[in-house]
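Paired with chain B in one complex and with chain C in the other, chain A is shared by the two complexes that follow.
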Partner chain A sequence: MEQARLDWGAILALAPVTLVLGLLFCGALGLAIGQSLGFAPWYGINTFPDFSHFARLWSAPAFWAGLGLTLYYGVVSTLMALVLGVGLALALRKSFAGRRLFDHVYKLPLMIPYGVAIALAVLLLGNGGIASRLLAWVGVISDPAQFPRLINTHAGWGIMAVYVWKQTPFITLAVAAVLAGMGRQTQEAAAVLGAGRVRIFWEITLPQILPGLVSAALICLAFNLGAFEAPFILGGGYPDTLPVMAWRAFNDADYGRQLEGTAIALSIALVAGALLLLSLMAYRALERRHGRV
Partner chain B sequence: MRLARISSLLAGAALALLALPTWADEADAQFRSQFLEGALSWDQVLEIARAEGQVQFYYWGGDDNLNVWVDSVVAPAMAQLGITLRANRLTATKDAVDLVIAEAGAGRGIGDGSVDAIWLNGENFLALDRQQLLFGPFAQAVPNGANFAWDEADPRAQLNSRDFGTPTGGQEIPWSGEQYVCAANRALLPVADTPSTFEELRTYLQAHPGKFTYVKPPHYLGNTFVQQVLYAFNPDGTGAQPFQKSLDELGTEELARLSQPGLDFLKDLEPLLLGGPDAVRYPEDAAAAQGLFRNGEIHLHCEFGLYAVATRRDTGAYPETAEEIIFPQGQMIKNKSYIAIPSNTPNPAAALVLADYMASLEAQISKLELVGYPAGIDPWQLDPADAERLAAAAPPHFGVTQDELDANIAADTNASLVDVIEASWLAYVERKSTQPLAQIMAEAAAALAR
Partner chain C sequence: MAGSERLSPLQRFYLLALAALILGPFLPLIIQSFAFRWDWPNLLPSEWWLTARERARLPLGWDYVLSPYSRVWEATLNTLGIGLGATALSLVLCLPAARVLARRRFAGKAGFELFLALPLLLPEMAIGIPLLLIYIRLGLAGSHLGIVIAHLIPTIPYMIRMLTAVYQGLDRQLEEQARVLGASGWQVFRLITLPLLLPGVVAGCLFTFLVSTNVFLLTFLLGQGRILTLPTLLFSKIGGGQLDATAAGLALLMSVPGLMLLLFFERFVRQEALVAGQGD
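Up next, the complex of A and B:
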């Protein structure tokens, strides 16, 4: 029997990633856990282990309202991006006039940073923005206040518009790649045997694209849950989403609030982690039920 | 043999290098004590500054006019004296204060830090003063200290020796000043309807709901607006006076009693602000508020800026029909801002030379002309000809006169009260807490003392 030898080639290849993950990510996570539990000698505070920051945070109604808003903006915008992204990917299988150009144009939002997308939302959808001014020019409204309030409300249309605008091409790209690799033999066979378009989609196409779809959707969801700039600029003020709440705590002149901010950040991580874990477990169960695992 | 010689040479060099910082520290400590005793002439300071070669100036970089002035006027002036100006622009002055405190906490004492001079006032100065991280009483020792009145008995000299109520002790030199002035968009708000008190503002908003909002605390513009409301609704009718005392002198009970009517007014005003009762919109900073003002979404906009209407009409930040108004009557907060030198400044002589230049007549005149910031020096301390030049350099006023603005000033709140008032607004007006105000303030004060 051969003795197991250390594969130095593999270890060396994995070393950079391990170092970065270990030092930066795990190190930062460890420091964050320590600080949220009261270990912050750099601020002159050392009450480790101190669960009072979490207790105070989780008993504040603002936290739960903020958590609800964070989940609402994150989940609803991911679902909308899913529907639109899959629809676009399916439509792009056909050839039509200008399809080559459209193939490049639809990817533009991917290259435009979130900050610019937020500026676009303010310029287009704000009460003093282009849409409002166009309506004033044709005489429908005469005052900025008469334009319906689309951004800076807790309904979050502006925030979700930015997320959907950026994430639909991302999902389209993921799905289109899978579709291109798959070919259309199965779909054509089903059509020949008399299956309708809807049935073909649900029973043939969707299971094929599901793995790519789930991973792309979970990436989008994870980003949306932790995003700060869109809810900060386009949000409705108090109660804020959790990342904005964390920023306000970190920005405060009172150093004691830094620990509260770290507690909020870890709460976001816990919620997002739990949500991701549940989604993956559900996906696994689904795949197992269909005998594909 | 050769190896032993080389290694002993290296060890000696290493020891020498290790000892260098302490030599430099001793030199800086000696300079500090000599200068503060008055044992150095200004020419000697200039020579030492030239040897140091650079100065690290930290200041709020949110105003492009100011940045251009620092790069094109101050930097060449410093270069002529043999000093390179390194301008560090900040998003918030608190960052520089945090840096000084963090470095001092890390054991980087005199001569070892990275901040030479900071443009600050109020809570930021109090933070440094409380931790004793300031260079020392230099303001009267530099030549251009003569441009200020230092007599504490003179009421006009108040702002030179007290910064938001904290005695400066000469550890910072006044550089600029500001008054909290509100602007009205004359295209939407005629002179006849313009409010001059907060009650008149409420009446106006009842007729035109949603046409006003203010920047939200904890931003300093929001804090100042809230302070003006508290002065106006002071139940004893003494305006800003009791708010000059520190938190220890006043006590949270008394502060709550004085602030109650003002905070109740702001709570009642909220449904009439931009966004109405459903989605009240408080802008997060000056830029957002100016955007609302430009778009005509709000008819009134308040921020620090004695000459703001003139400069912002030029840059396009305000609409072209904007004019200044006297609002609120008798309660327009006026303060000064200063250049402070921290104790762990790496280039103390260069920092002093910079502070001296900033307080010079030429710098103040060019700042007034090019940036539109009011002068920090006292005109009555200057020669009549110089005072006239200073007055002529000022940008114009629209809709009010300088005398009207001077007749309606109020002093800024004591720095120790600012954080408590800000926390009370957040709890009482924003979160609609049902706790009594005295309890909210007591908890805020306890949290800040921790």
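Up next, the complex of A and C:
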């Protein structure tokens, strides 16, 4: 680590990536904000600043139903992946036969496209799928209609199964990297002093893995809130999640609805940004209570 | 000593269950890709692709997937081309920045790193539709160049972190010794820095390439139906909620790059880099 001030060479090195990301992000969001506030002269519409699109959108019950579903699928699956992923990372600290093989196996979902995970869910969880055939084989059901609806339902079991299947290894990797680097002296000291396993986890291990856990969970949550493919294919139809709703509005034959689609997309950004801020603030407050910041 | 403890019975069960849940679903996917008729509630198809292909007029199952005339071929070429383009562009943009990020401490560095991780923290649809508005204005929608540029968004966060980790692992004393011994700047880069960096750079490129080949939504939105890649082709096949033999074959084909990366290059893929934005 060298000086605190950057010379021109360093600024020049940072500039390209900054410009590209900045232009893509700021340009896109700026134009989207303008258009959702009525600035769309290329469609012969210019009523800027016009908050009526947001007002109409936010007063529609379908928007709130869609927001509720989006948050429900996103938050519940992130929490499930967190629990499963941390459990896996803790188990991976121990040595066992087949360890090298398992290290490859558990990372597989991370490498596979979401589309393939969705295809697996269709094949396994549909009413005529493998799960229902297995139940029929053991004699629990005698007709595909008796199989509980797991996909194409607003309960969203299929959608959440895809998210959890894909994201558990991601959480595990984030935690395992921290666990590997931190050594076990503190935990062993606590154990020698008589702390139980549960207490060691809550009071020693968890605080240490928390930063990595929070950032990994936020990445998963942001993805789940903006995901289109899984809720489109495995969802229960109207009311849709916000991303699906945005896409439908944007692709409507009526060009005027593009403004609504843009407003929905920006609402997703707002919700995600608010959740991100809230979690970071909660995390900071927690750190302060433990006297670490 | 770490790692010497044994698994508890519950943990052993948990690991076995996870392995079954991860690998298990691929078995019916493989069976489905070879099936012709597979009625409920049979656990195996009643007629296989191999016996049905002789009387079929159109290519079935794997015949379709592997046919040079099917859209799979076009989608594969597009996926590979876009992946290569996005990886190369991402590398050129990120390499100089990673060098500075690894070696300098400067005011606002944490904020800058958060900015670079932003693509992972902003929902895809929230950036996709605004981007589409710009693309339509600039005439980039539906063009290969536009898709390559769009793929920079999900790839840059991974590329920058992997390259920063590579630079951090580089022993700078070797460079300094070479310079003391009279090597020129170019000689130091060519003979010392580059060979030391290369394995990490290759790993970063492979992983970035994988990220790009797996992107669906940005290609789907910004391609306007004109750019066919493997993820958008699979979507068009399973969008109706059905999975036939061709879709199963396609899904298996799409799992190959990730599987190869996992089997042959796993040791290159640095764990810490996968987890972007970890506040270090």
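Just so we're on the same page, the second predicted complex is superposed on the first by the 282 of 293 C-alpha atoms of A that agree within 3 Å, B and C clash if a C-alpha of one lies under 4 Å from a C-alpha of the other, contacts with A are read in each partner's own complex, and residues count from 1 in each chain.
Basically, contacts are C-beta pairs under 8 Å (C-beta built on N, C-alpha and C of every residue); 3 or more make two chains touch, one makes a residue touch a chain.
Owing to the predicted nature of the structure, the values given are computational and were not obtained by experimental measurement.
With both structures placed on the common chain, the touch criterion links A:184 to chain C but leaves chain B unconnected.
Once the two complexes are laid over each other on the shared chain, residue contacts for A:170 go to chain C alone; chain B is not touched.
Once the two complexes are laid over each other on the shared chain, residue contacts for A:39 go to neither chain B nor chain C. Looking at the shared chain after the overlay, A:223 reaches chain C, while chain B stays out of its contact range.
After overlaying the two complexes on the shared chain, residue contacts for A:149 are found with chain B alone; chain C is out of touch. In the superposition on chain A, A:137 contacts chain C only, with no contact to chain B. Once the two complexes are overlaid on the shared chain, A:252 sits against chain B while remaining clear of chain C.
Looking at the shared chain after the overlay, A:128 reaches both chain B and chain C. When the two complexes are superposed, the chain touching more residues of chain A, out of chain B and chain C, is C. Contact with chain B, but none with chain C, is seen for A:237 once the two complexes are overlaid on the shared chain.
Common to the chain B-facing and chain C-facing surfaces of chain A are residues 42, 126, 128, 144, 152, 232.
Chain C meets chain A in the complex at residues 2-7, 11-12, 14-15, 18-19, 21-23, 25-26, 28-29, 32, 40-43, 92-94, 96-97, 99-101, 103-107, 112, 115-116, 118-134, 137, 149-150, 152-153, 156, 160, 210, 213-214, 216-217, 220-221, 230-231, 234-235, 238-239, 241-243, 247-248, 251, 254-255, 257-259, 261-263, 266, 271-272, 274-279. Considering their complex, residues 42, 45, 62, 126-128, 143-145, 149, 152-154, 232, 236-238, 251-254, 256 of chain A touch chain B. Every residue of chain B that touches chain A in the complex is listed here, in rising order: 94, 102, 105, 123, 127, 210-211, 216, 218, 275, 278-282, 284, 291-292, 294-297, 419, 430-431, 447-448, 450. Against chain C, in their complex, chain A makes its touches with residues 1-6, 10, 12-14, 16-18, 20-21, 24-25, 27-29, 31-32, 35, 42, 84, 87-88, 90-91, 93-96, 102-116, 118-120, 122-124, 126, 128, 130, 132-134, 136-137, 144, 151-152, 165, 168, 170, 173-174, 176-177, 183-184, 211-212, 215-216, 218-219, 222-223, 225-229, 232-234, 242-243, 246-247, 250, 261-262, 265-266, 268-269, 272, 276.
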